[in-house]
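Note that the chains are named A, B, C and D in the order they appear, and that numbering of residues resets to 1 at the start of each chain.
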Amino acid sequence: MTEAGDKKYIELRRELHAHAETGWTEFWTTARVAGILSSLGYEVLVGKQVLNTGAIMGRPSEDAIAGHIERAISQGADPAWIEKMAGYTGAAGILDTGRPGPVTAFRFDMDAVDVSEARDEKHRPFKEGFASKNAGAMHSCGHDAHMTIGLALAEILMMRKDGLTGIIKLIFQPAEEGVRGGKAVAESGILDDVDWFFGAHIGMGVPTGSISQEAVGFLCTTKFDVTYKGRAAHAGGAPNEGKNALLAACSASLALAGIAPHKDGPTRVNVGFMQAGTGRNVIPADAVMKVETRGSAEAINNYVYDRAMEVVRGAAEMYGVEMTLEQMGAAVDALGDKEAVDIVKAAASESGAFGNLLPPVELGGSEDVSWMIKRVQKGGGKAAYFIIGSNIAAGHHNEYFDLDETVILPSAELMAALAESVAKPA
Amino acid sequence: MTEAGDKKYIELRRELHAHAETGWTEFWTTARVAGILSSLGYEVLVGKQVLNTGAIMGRPSEDAIAGHIERAISQGADPAWIEKMAGYTGAAGILDTGRPGPVTAFRFDMDAVDVSEARDEKHRPFKEGFASKNAGAMHSCGHDAHMTIGLALAEILMMRKDGLTGIIKLIFQPAEEGVRGGKAVAESGILDDVDWFFGAHIGMGVPTGSISQEAVGFLCTTKFDVTYKGRAAHAGGAPNEGKNALLAACSASLALAGIAPHKDGPTRVNVGFMQAGTGRNVIPADAVMKVETRGSAEAINNYVYDRAMEVVRGAAEMYGVEMTLEQMGAAVDALGDKEAVDIVKAAASESGAFGNLLPPVELGGSEDVSWMIKRVQKGGGKAAYFIIGSNIAAGHHNEYFDLDETVILPSAELMAALAESVAKPA
Amino acid sequence: MTEAGDKKYIELRRELHAHAETGWTEFWTTARVAGILSSLGYEVLVGKQVLNTGAIMGRPSEDAIAGHIERAISQGADPAWIEKMAGYTGAAGILDTGRPGPVTAFRFDMDAVDVSEARDEKHRPFKEGFASKNAGAMHSCGHDAHMTIGLALAEILMMRKDGLTGIIKLIFQPAEEGVRGGKAVAESGILDDVDWFFGAHIGMGVPTGSISQEAVGFLCTTKFDVTYKGRAAHAGGAPNEGKNALLAACSASLALAGIAPHKDGPTRVNVGFMQAGTGRNVIPADAVMKVETRGSAEAINNYVYDRAMEVVRGAAEMYGVEMTLEQMGAAVDALGDKEAVDIVKAAASESGAFGNLLPPVELGGSEDVSWMIKRVQKGGGKAAYFIIGSNIAAGHHNEYFDLDETVILPSAELMAALAESVAKPA
Amino acid sequence: MTEAGDKKYIELRRELHAHAETGWTEFWTTARVAGILSSLGYEVLVGKQVLNTGAIMGRPSEDAIAGHIERAISQGADPAWIEKMAGYTGAAGILDTGRPGPVTAFRFDMDAVDVSEARDEKHRPFKEGFASKNAGAMHSCGHDAHMTIGLALAEILMMRKDGLTGIIKLIFQPAEEGVRGGKAVAESGILDDVDWFFGAHIGMGVPTGSISQEAVGFLCTTKFDVTYKGRAAHAGGAPNEGKNALLAACSASLALAGIAPHKDGPTRVNVGFMQAGTGRNVIPADAVMKVETRGSAEAINNYVYDRAMEVVRGAAEMYGVEMTLEQMGAAVDALGDKEAVDIVKAAASESGAFGNLLPPVELGGSEDVSWMIKRVQKGGGKAAYFIIGSNIAAGHHNEYFDLDETVILPSAELMAALAESVAKPA
């Protein structure tokens, strides 16, 4: 694309950056993405059309959702799209070439992080006026760039439509942070006919001009909230009448931390947050814990998770309190396919923009694209997930995060080349 | 007093009720009390004049104080009094008869409870338009009535000044809730010359028309906040780099609950509130616990408190976290003197309003008037603390609490009779 | 009785002292008691004739019982009585006067304490050669004297038989230590027709020459052992394969200690002993805890016990281990009846030996005579439990414990007077 | 060697097997080894001559040592050697060829395991009459074979002395189980001039006829006992007077289990044994915990150990109890040198007995030969530690463990070949 295109997409990235919305609340964002895809001539699916709602995790309350919809509209979101979404975010653009050929899918994540953006002159988004308008939400992971790449790719593919075959699906996934949305997309059915699947993340320590052929070491993880409900009582006057949810949570936390390691690989468990009780002189009747388990393979994470369930249930029984458990997120382990990774390597080599081809990068964390990779592979398709180099101003999730916008358009071009590799006419 | 007086003081109680302010933020309230005392001809002391600031516990941050001062002024508090207070609430009115005689003191507490008042037609203060204007603050313990009794007493005593001797001190104490202010008043010196000291609480299960000669069973208590400061780290990527404040707080909480009982009397310890950590995937770097200890005597509470200190310090060491401790409140045990109690009994018998004289009531809780009683007794004075009967609409500290306003003026008359008993001319 | 009688019974006490046997293993002792009662002309019941075996608590293994029987025989126990006992200790002597009258019962406990007697010249039983022959068993509570008083009483009553009416039952109870045997005797039915019931303890701080009319403040208590069975695994090589019984016991212990106190009276809970695990490098597969709960009333002890059950079951679930619970002892609260206490007071006043009549003594502990008192009272009978003064050489249960033998015969005379008071001819 | 030699050494192995002695109590064993070495013409060092006593860990009490010496003598140990040992086990045989050349050392461990040998006809040592005479001690790890190989090697080397150069040291190390003795030997100085060091273990899953060139994956570990000393008190009558060592140990155990994993490699921590308290109704005054930490590298084990120290000290402070810590064992990580490993590979290839050369075996545990390997390497020497194949009847440390005695003599021949490789005349 031209320099004008470059400028247009940098502006689009900044617009998305300014309207940062956290997981399951990407209403302004989804409306904007859907509008562009539609205007380019794509068939557009939104909300429940791309989600299995039974597999949604960590969705805010309906009240909170309603508030975010209001905000999106007040910030200019197209009410027609908002109505089509019917409370659920996420979108997909479908391009049917009309020619026989493979189904090729690309995935872009949409949500911002629960971070308040730095308001500091040394932070470019603030200095140049495109910092997040929304308190407590910031694109400090780079999903704004991911979506921009996806929309630029949409334009390029539509322009080059006549040189492509089969069907192309551009999937914009909500709620990647906390690994909450990937499973719902994977189980929606939208991937069940996919032959080639590509995903990518920007940054991750890979500098501008480089690319890493594959991210590996996805950790399996489960995120859940435990709520204990006991009974309040005056701590001085009638302590025996209370049921102490705080102590239940404390017993559970110590035992969760003490889950034995696994002989076959690393495990992790963390109670990252606890709140319990109200007044100093009241036996605490409520407690909530935010917990996550991890394991280097599904069986190992399952071991930790199963032990965690024993612990949190047993602690409830110890203190006579009621327990509710809410699944808040999950990701599995996943590995790309050699065939698809080789295509990424070849396209990158031919690209002028990514001269430096790096070996696989250890993710050392979790990504819910893993659900999609596994779903595609289950149906016989091939997948790759790679890392796009981009210099970053601060670590991912940091309030000073910023990225190198010059890599956006070359990334879209690279993905177009991937589509052309697998969906070229015979 | 006349019916007009009755009406005036009911209106004053309602005005105070509508301007409920919690401990150490009684700026509007102090200004109003001081203004009335001054207009009646009392010498008026405010703020640090009635407080030993070194003994203040549980005072909000200076920022919060500043906000409350602003609100008080915006609600019409007299700026001249606000300026005299210099950031500290509480007041005393001094009446010097000019005649030799004893020093007689009365104590009234001023603060509201951290409760949001019911907004419900069945709740009279809401229905009749005098519910608290201040969110999260409500006179649901009856201190509004206490102050009103004190101001009515002020008027009566000034009218009957010529029949009295010695000096009379009407002390309006801030921050009784959480037993935070009593010690600062006791150690200010204002009580050091007091010969007779009287305090009272309204309600407490005693119905209108009755009076209980004495409250007994004051529990000694100490209130404190423990803050642990550890070090955050990514729970998946570098768990060994964290210092886990949440687990320290959990270990401490279990051990605090397990402090052995005392052979000589009941003990209590409660962690009423805990908050720890931030994100689910971060080793929690911070934790705060709100704790209280109790014992039926000072030595017993000291035993529990000393054990609690071992526990919270040891838990910090176990997890390598820093600890800070803030004293948030304290009360001691106290017993009235037979001489003073007998005077209450005699005055109540002669009063037409309190025909039913009940035996001592078990307080089963803590009251920081205990610091004042002990201070007076230490100086050789005599004290009594009694319960004024009043039907109540719901339990103390409940959002539907209301009281029987018809007892206000008779209570002021009863206290005037107490003054006349001890400070009558020879 | 004469001086010769005095000497005879001191020698008997020393013989019993030398053959100290702990709870449920009083085979030599039961045979000796039964032999004497029989030779005096009493109908004698032993073992299951005086026990409801379904209510037995804390009985050693059959192997251990067999070993103790062997030892008893080797120490000269009469094999005929041993055979009649059929493995169960305890005895009763029945004297039927043949004349209409009340049923009157006296209770004497038989077992020694798990203490190794001091082997020290300053300890009289050692110096004078009547220290316990049995390692780890010592009459350091005074039950040797209780039985001696009972046997002297048997002789006196038989001599004075013609002045008595009704039926007299002298009950020798096994296993009072750890409150294990009282319930089994109470539920055997032997007390169901009793009109007057008397029991006593020697010493307890009351000096020679004094008597306390009544022991009060019996604490309800429950004693139980909790065993957790998990699964061993190599702690280095396969930690995830273990099920950690040690950690389950630790979680349970902390939570047991933290059971909230009760508003209505003192509570206690103690894990007095724990053993868990085997080798340092093995995940501990076994743990045992010895626990007791107490409360100042049955409802209060029940509250603590019920909470303890929640705790020990919940901890088992937390760690995926199996739990077994064994009831090891129990006592209830009990109060004597004024009618019976008054008879004790009257008899003591008339006795030359107990000139100093003391008010009720606070027991501050548990005694399983409480089961018998309640059983008698349930059937309409009257009971008293008093304290016989005796100077002691060291505290009860101490390895240097010894008592003043001169009080033995006067105590038997006092009890005979009680029988004569209630069972005298019309 | 001949068939006669084979028979002789099988009988020697059985004799050693029958006299199994656990760590630091190998008195009979040391005397037997020293006697043979001496009779072969070796200079013999025993006890403190091969130990730095300051580095000894986990040695039994002097009383226990005295008892084991008595037993050794009663079982026929040579009193002259016993006297030379002066209470300390372990031996070395020195062969000085008189010719210039390298110093070459071999290491054999001597101690038995704390296991009671199976008394079962299907267990050959029992059936054939050479099971351990010593209750609770069994050569169920194969150290009996190790020593036999060493003594056969001694005979072979002495026969072939004229074909060797330099000095050869045959080191018999006490107390390998629990990794208690290796450090004391390493720090004795005996290895400081060693150029070539060889050690081996029999079995470990490698079958007869095979050999594994090298054992890898030594885990660093620290073994320690923690003792808490509190204060006993009656749990019912004076609970506040106790200092509860049991609860301190429970708090510590939960926190030890919860030490966060390390990002750089596996960690382990285990409380394998706990005993606390005495009577059910006594506040527990004593507790002991047997603990071990592990890490895949020294820095990682140090991290776990340092955290463990914080935990056990903090728990002591929490409960006001005194703590004592005793180091009971330790091992480090170690890797062989390629030069030495290559010599093992070459000799094994040439040997007829070990035709199957296997790759490195993951030890997945700890071995205190690691201290010696590191000491030799520090002085510039080269080391190898390999696994001698032998079919085994049951797992190491199992009560049915037995090994294939036919590998003993070939192993000695192999080691002789190693000596000849490095210490051959120029």
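Note that contacts are C-beta pairs under 8 Å (C-beta built on N, C-alpha and C of every residue); 3 or more make two chains touch, one makes a residue touch a chain.
Since the model is a prediction, treat every value here as computed from it, not as a measurement.
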Would you say A-D or B-D is joined by more C-beta pairs in contact? B-D
What is the chain whose Cα centroid lies farthest from the Cα centroid of chain A? C
How many angstrom lie between the centres of chain B and chain D, each centre taken as the mean Cα position? 69
Averaging C-alpha coordinates per chain, one finds the centres of chain A and chain D separated by a number of Å equal to 52
Where does chain A touch two or more other chains at once, residue-wise? 237, 239, 244, 247, 251, 254-255, 257-258, 260-261, 268, 283
Touching chain D in the complex, chain C uses residues 114, 178, 219, 221, 223, 235-237, 239, 244, 246-247, 249-251, 253-254, 257, 268, 270-284, 290-292, 294, 328, 364-366
Chain A - residues contacting chain D, complex: 254-255, 257-258, 260-261, 266-268
Per the touch rule above, chain B residues touching chain D in the complex are 237-242, 244, 247, 251-252, 254-255, 258, 260-263, 283, 303, 307, 310-311, 313-320
